[in-house]
């Protein structure tokens, strides 16, 4: 059961989206959208951009990695507030299917929240489908001063 | 000892760079440069772009992940030729230091080459420094038709 | 949704347990038990053994890794039948809590099943508790002759 | 360049071996041996035991994972002294070849040492051969009280 079912959040999805877009020029350019996800987690949407294409006509791996990392960051901010200095320590991604050229959706959940780090899981889907295209786990370091 | 010390390559770094820039709009936009690396491996350079910035004034994680993935892809193409349909199956990255806003350099080596997949290791440095900023391992699936 | 919800299995948990104990002396010695898990997945139980202890009085990491790997193997066998030559290609584990000295339970699900490889997710719990002590993802290579 | 080239060690390999065997019954039973490795790193040897066999007559994955984890732990103790409460946070392993039934050798290096965590790389070989059988990276949490 995700921690986020049991705990209040610190920022709304809208507030998280504003913080991320202000801090990350890439997120602003991509038009990343932050929403509530299933199980009290956070969902981030990444509109399709032709620049994400790779040979074979599917979306490139880095586009999925970038989205997954943004979704973890969003879940951390939603839970802990404005810890913008939280940084990824480790990210592990398994690519499961080649996503068609359309919007991607990433659902992030915190599976362990410690004082100094958090472990998260992210599932990335092709928009409109039930097709899981990537599975991600990651560790975020949380700034201690918070 | 990297496999690449012992085996002929199929494409020159210049040819690899051309193939990657043609297939990946993002690589073209970034201005990725492909060179020979140490130990017969492949080195890929990613010029700094202000869009890569994240809170704290350092380069964002996804910029490093994208470069590492491109470096693995480049190493595969250099060894095997035009297998553009090779795709990442797994990527694991440990972030070691926060890179200053400057060019990044990624050195990729194939540590196992099978018929259907390859395992690679990538070390990402800040330009001009000896500072290792990220360590990456990954698995690429190689198209069988090759 | 796990693949295993939608597909017939090839071996019962009892049959899988027999195959694993015959092929792996360690599994026989540990007394690994194979059962059905939630969502049509496979659950493997590992009785506590004092040899698993590490400083701090908790169970050592390798005991959890070994269980997780066995649970992935069991899930593959249950789905595909006697593919004993299936082997782990990659395993990534995040340790979430230090398990007390008691039985461990691992729930494995296949999240992608291809012809030549499978990607799995395993959640490891302390017996009797809801405490998730480790989260694992892995890739298994499936013998082609099957 | 590994940190360990540049820094004094706190415990000798013999001292590390004693600490590990005292704290981990499994290490005592396996007869793990700790030595100096290349580049100032730490090498750990694991004698072959018939119980490590898996179908196909090779050594099982968990035997390699256990050795790699022990080698990381040994490298941490050698550098930092008796931080027995250091624990693995993350371990990622790629299996590269199936080791014949013989002694395994693991060379561990610290690639980043922070105050609260360390990132390590381990290469696992079959004894007597140059064959790399597994590549491992991991993160250890270091107790703050030290």
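A, B, C and D label the chains in the order they appear, each numbered from 1.
Please note the rule applied: contacts are C-beta pairs under 8 Å (C-beta built on N, C-alpha and C of every residue); 3 or more make two chains touch, one makes a residue touch a chain.
Just so it is clear, the model here is predicted, and its values are computed rather than measured.
Participant: Of the other chains, whose C-alpha centre is the longest way from the centre of subunit D?
Facilitator: Centroid comparison gives A as the farthest chain from subunit D.
Participant: Starting from the mean Cα coordinates of subunit B and subunit C, work out the distance between those two points in Å.
Facilitator: Taking the average C-alpha coordinate of subunit B and of subunit C, the gap between them is 33 Å.
Participant: Cα centroid separation between subunit A and subunit B, in whole Å?
Facilitator: Their C-alpha centroids are separated by 23 Å.
Participant: Measure off the straight-line distance from the CA centroid of subunit A to the CA centroid of subunit C, and report it in whole Å.
Facilitator: Distance between chain centres, rounded to whole Å: 28 Å.
Participant: Spell out, as numbers or ranges, the residues of subunit A touching 2 or more other chains.
Facilitator: 89-90, 92, 94, 139
Participant: Draw the chains as dots and join the ones that touch; what shape do you get: line, ring, star, complete or other?
Facilitator: complete
Participant: Give every residue of subunit C touching subunit B within the complex, in rising order.
Facilitator: Checking each residue of subunit C against subunit B gives 89-90, 92, 116-117, 139.
Participant: Spell out the part of subunit D that touches subunit C in their complex, as residue ranges.
Facilitator: 23-26, 29, 50-56, 60-63, 65-66, 69-70, 84-85, 87-95, 98
Participant: List the residues on subunit B that touch subunit D in their complex, please.
Facilitator: 1, 92, 94, 96-97, 111-112, 119, 121, 130, 132, 135, 137, 139
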